[in-house]
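Worksheet for the structure shown next.
Chain naming follows the written order as A, B, C, D and E, and within any one chain the residues start at number 1.
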């Protein structure tokens, strides 16, 4: 085990050995094994956005087994998906890559202003499927915060007692934040802090923009001269906001973009001390060889 | 056991042997035994629409035993009904046809814009009554999504642990979708995907129309040139949207229609690779000999 | 469903539909389907007597899958085995033959005078594995009766509530009976009665001999001129002792014997109104083609 | 409701209304309805003594339905039997006569000196089968007393909480009493007291003989001039010993005897204030018309 | 994943993905990764034999962390120990080597003829500590069999439902077997069969000797000419007895012996198709460099 992995695990010294063992399984798997960096393949878009929007551009991706194979071939640290997608491929791929069961999901057939995802799988499912972690989305800023935070906490308590780390996708949204504010630096940093305070072992946020949403926050950012540019400075601020770097924070690739802009984002994350990326649509919405090539470029950046 | 049945069962290789045994029981029963195709008789309209709307046109159908006998005489793969209807006939017909207990129901005395069905029976009831599966309705697009999805998941986990497959009737409805959108191709495909992700072993949707509801989806359908005509192409797209054909998807007969239009729909389902039909009102709202004649025409189409 | 199967199911009219459905599954499977007769393949001898004594004479039988295939090829009504043997083959054979999970077992490494089998699987295992019934052994005459009867009753109550019939292997043994008495007519008839009173749906006993063990019983047999010869009369008495023929009673083939003596026993069982045979060692301790030939001769006798 | 029935029910005024309702159901059923007297048909001898000893003399009695019909035709207050016998007939006779589920049983294949019956059914079974009461045997004097008393108490607590009266068959037996002592007056009176103290609502004992077993007791009987003759005096003493007549105590007919001696015993019970008889072998071990005639003579005596 | 590992995992196709994932973790760890072979370090002798007998010869071994480091340095597939030993080192070594929690233990302060180990940890402990499996000892031949088998089965059901494989140490002992018989070929083969029937995923037995214990078994061994020499033939027979090679069976190093005799035993295990060795005292009762040298020689043999 590398010194860096040992150091990261030491941040979680109040977690039981099961949680740390599973964190180590992800940290020591794939092409970034031992570096302390992550590239995770998440595929919940079939549920979140619908199948055609997700898979029509690359039809082999309709098949649940496609994504297991992609994550394995690309050398990702882990593959994350909802219950149905995992169940439909896990027998064939058991033991080949750490799995993350996404325990809640939201769809856009009912695309409410203040969303609350549905709990769509259980910790017991995660154990039964041999997962290395479970994941949950919260929407800070939604009027439904209370139910989401409480579900996250209850499920997290159960998961961690059974040795499964909890990953929180912390995505500000709802009446409390403007559209632009969803990726504002103050809001993303705040979302990372909330997830950490809820006991998340790994936190996923969107790359922050150089915008400050909240008036009260703005005063602090100005008074303390927190730099808004470049991206690496913003990432550094988010990492600092998640317990001064003592929680693993990874960043989404966000909407489909050009390879170069995605790689630039990754360079910013790496320069700012981010722990890695979770790259869904930019991976599976193109032919597999291209996806692997792109993911390997990302991994090269994180290997430094 | 036929090669096709073995192939279908292989899609469910992460389910326990109990679930697969009960899937096999339905796949190997009736006139379509061994073909991998389904014709199921569902009779929950007494609850869903009221007794007179459902049975007055063919009064023998008020008697719960009528439907067991109809399903047996027609050679259906299974008969699906709510608790009361099953309890009222099961002793006489135990062991003669696979039964599906419909675990939730909705009525139109309270016909809310955003419906959520009531859980009206338990997994334990299903075991006690000797059922081969349990079924649930969800209404994606309703503001009540969260409670429905969570019930489906919890009940599904319990059912599958006890060896009973879960069937989800996935019927978009509620504030999130327009009336026309309830059968839009993008919406039906999305509804099939959601049911599959919730762990459904069999998914029931309505035959999709050549309409696209969601603006974001429309872009994907156009960009990827997904054909909207004929019905067989739409069915193919829905089947693809349910894990690339690796989940059993069957289609309702929908409202009462002419025999010829219903048979044309069935031809489209068959041509598009659909797994079969669930035909209620078009079966029991006519004299039994006529119903059997129609159902057998449907089965002839599925036998290819 | 045949008239005879309907008649037999009518004897179980206080059981729930699940239990009757599973009885029907066994009654309607294999070459004896519809006749009301049973030939079951039981393979628990690996546990009960040790592997070499059981399988060395026909080494392919060491493989758990061998017995599933044998039961299927021979056209048995069901295959019965302990947890390990079922788990090791069930995925390959799910849905092809009704399975009976043997819930308790005894070995001869500790071959005590007053045996009590260990509970080695659960009702939940039976559901998970897709079984059509669960089975238990009791040893009437053992000083351990109380624990065995109570386990049988508790497990039976749970099994039947979940729709699984209970089969009791009722084998007199222990301090209360002599060696010869274990198959004495009065003792076997008594053992059948006890199993029936404990709520067994199917009862397995050994073919009774023309011996009366208990002095008090002897008076009744003599006073009422109950015939001891031939075997068919003894079988008739045992069947009568199990609720006047209203419980399914099947008979073991006993120790390995010549084919002709086994077939004569079967003829006696058939002539006496027995419901069938459970034939283990005489089936799997010979090459498969010979086993199938013998089992088919047995089935021919039961088909009458 | 007669004054006498009201009076008897008043003795049970700390029991819940369910228990009292079920007592009333038995008190108000059959030819003795309203008199406060009982004649109950018990048939557990198939389990307790073996089928041939019990039924060979009158073969129709092998059929479980025979006994329901006999109890109904004779006008008994209730019919008592083990699980299997009740399950095998209850569907046909539900609602026709109050049923008592015998919750424990003992056989003579293992006929130990210090017996302890096995619990062979549950309170839940009793509710499911529509019983009016549950019954248990205890053997005061056995070294196994502790387990029996505790089972009686636990089951009784559960039964009564669910509205089912508890009947205790209190039969002294085992190392602590001589053979003659099993029916000694002091022992029978003691056995009745123990059952009453354990919370039994109805107590069944054997008719006491004019013998005193225990030396310490003998002193008391002599000092207080408790009469040992005739039977009516002994019955009076037993009734007094069961809370001064405030618990229902009924007496067995014991071994098969001449009709006249049995009727004389009944006259003694009636004269001594006993609540009635429980008559098994003297009922079902003769042709049904003769059984009905005898039972009606017994009832005539109790009607006074 | 190698072809051989895939093949072994296919034997467990009725287990859930969690169990198979954890089997894969052990099969793919250490110097034998991918070969399908195992060398496991077990250290429960502190509990089983006392600390001085276990550790005085090599005092660093008193420290629980010593054994984690030894197993890691030697490249074992896994390290097995009781609760206390695992708790005392797991934080330092989490994620570095698959752990097996030994769930029951026995000591020699109470060294009864018919032993039954105490359950000393829970499945939940195993999850909390990040273990890849749980282990249990049974003593076939002990009069305490019933409690041991039932504990194994109940714990095994819970463990496997939570994704943890069950390992059974099957060590014949007690009144039913002679001292010499504890390692007799028939007895060891029988012990392997029993463990497999109880649902064990991995079975540990002692290397069998060329002795036959049971008279009935001797007949079968002679009649079927089962060879008793050399060791490789005996190992082959034991492997066959565990579901024809479809269960992982590993062998203990037994008592401390010379390196050459131990290596010869390993050669016999390898030649007979055994899955590997579990080597405790021969590992930790010598200086670490020597232990590593010996273990590596063992691994060289298994690498073939």
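By our rule, contacts are C-beta pairs under 8 Å (C-beta built on N, C-alpha and C of every residue); 3 or more make two chains touch, one makes a residue touch a chain.
All of these numbers come straight from a predicted model, not from anything done at the bench.
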item	value
Chain groups still in contact once chain B is set aside, others held in place	one piece
Graph separation of chain A and chain D (steps between touching chains)	3
Chain closest to the middle, measuring from C-alpha centroids that were averaged per chain	C
Copies chain C and chain B - interface residue numbers shared by over half, same or different	same
Distance from the mean Cα position of chain D to that of chain C, given in whole angstrom	35
Centroid spacing, where centroids are CA-atom means, of chain D and chain E in whole angstrom	57
Length of the line joining the C-alpha centres of chain B and chain E, rounded to whole Å	50
Residue list for chain C, restricted to those that touch at least two other chains	13, 90-91, 124, 129
Touching residues (chain side chain A, partner chain E) in the complex	1, 5, 9, 13, 16-25, 27-28, 90-91, 94-96, 124, 127-131, 161-163
Touching residues on chain D, where the partner in the complex is chain C	46-47, 49-53, 55-57, 59-60, 62-64, 82-92, 105, 107-112, 116-122, 124-125, 129
Chain C-touching residues of chain E, taken from the complex the two chains share	11, 13-15, 140-143, 145-146, 149-150, 153-154, 157, 172, 174-177, 186-187, 189-194, 196-200, 214, 216-217, 219-221, 223-224, 226, 237, 240-241, 243-244, 246-247
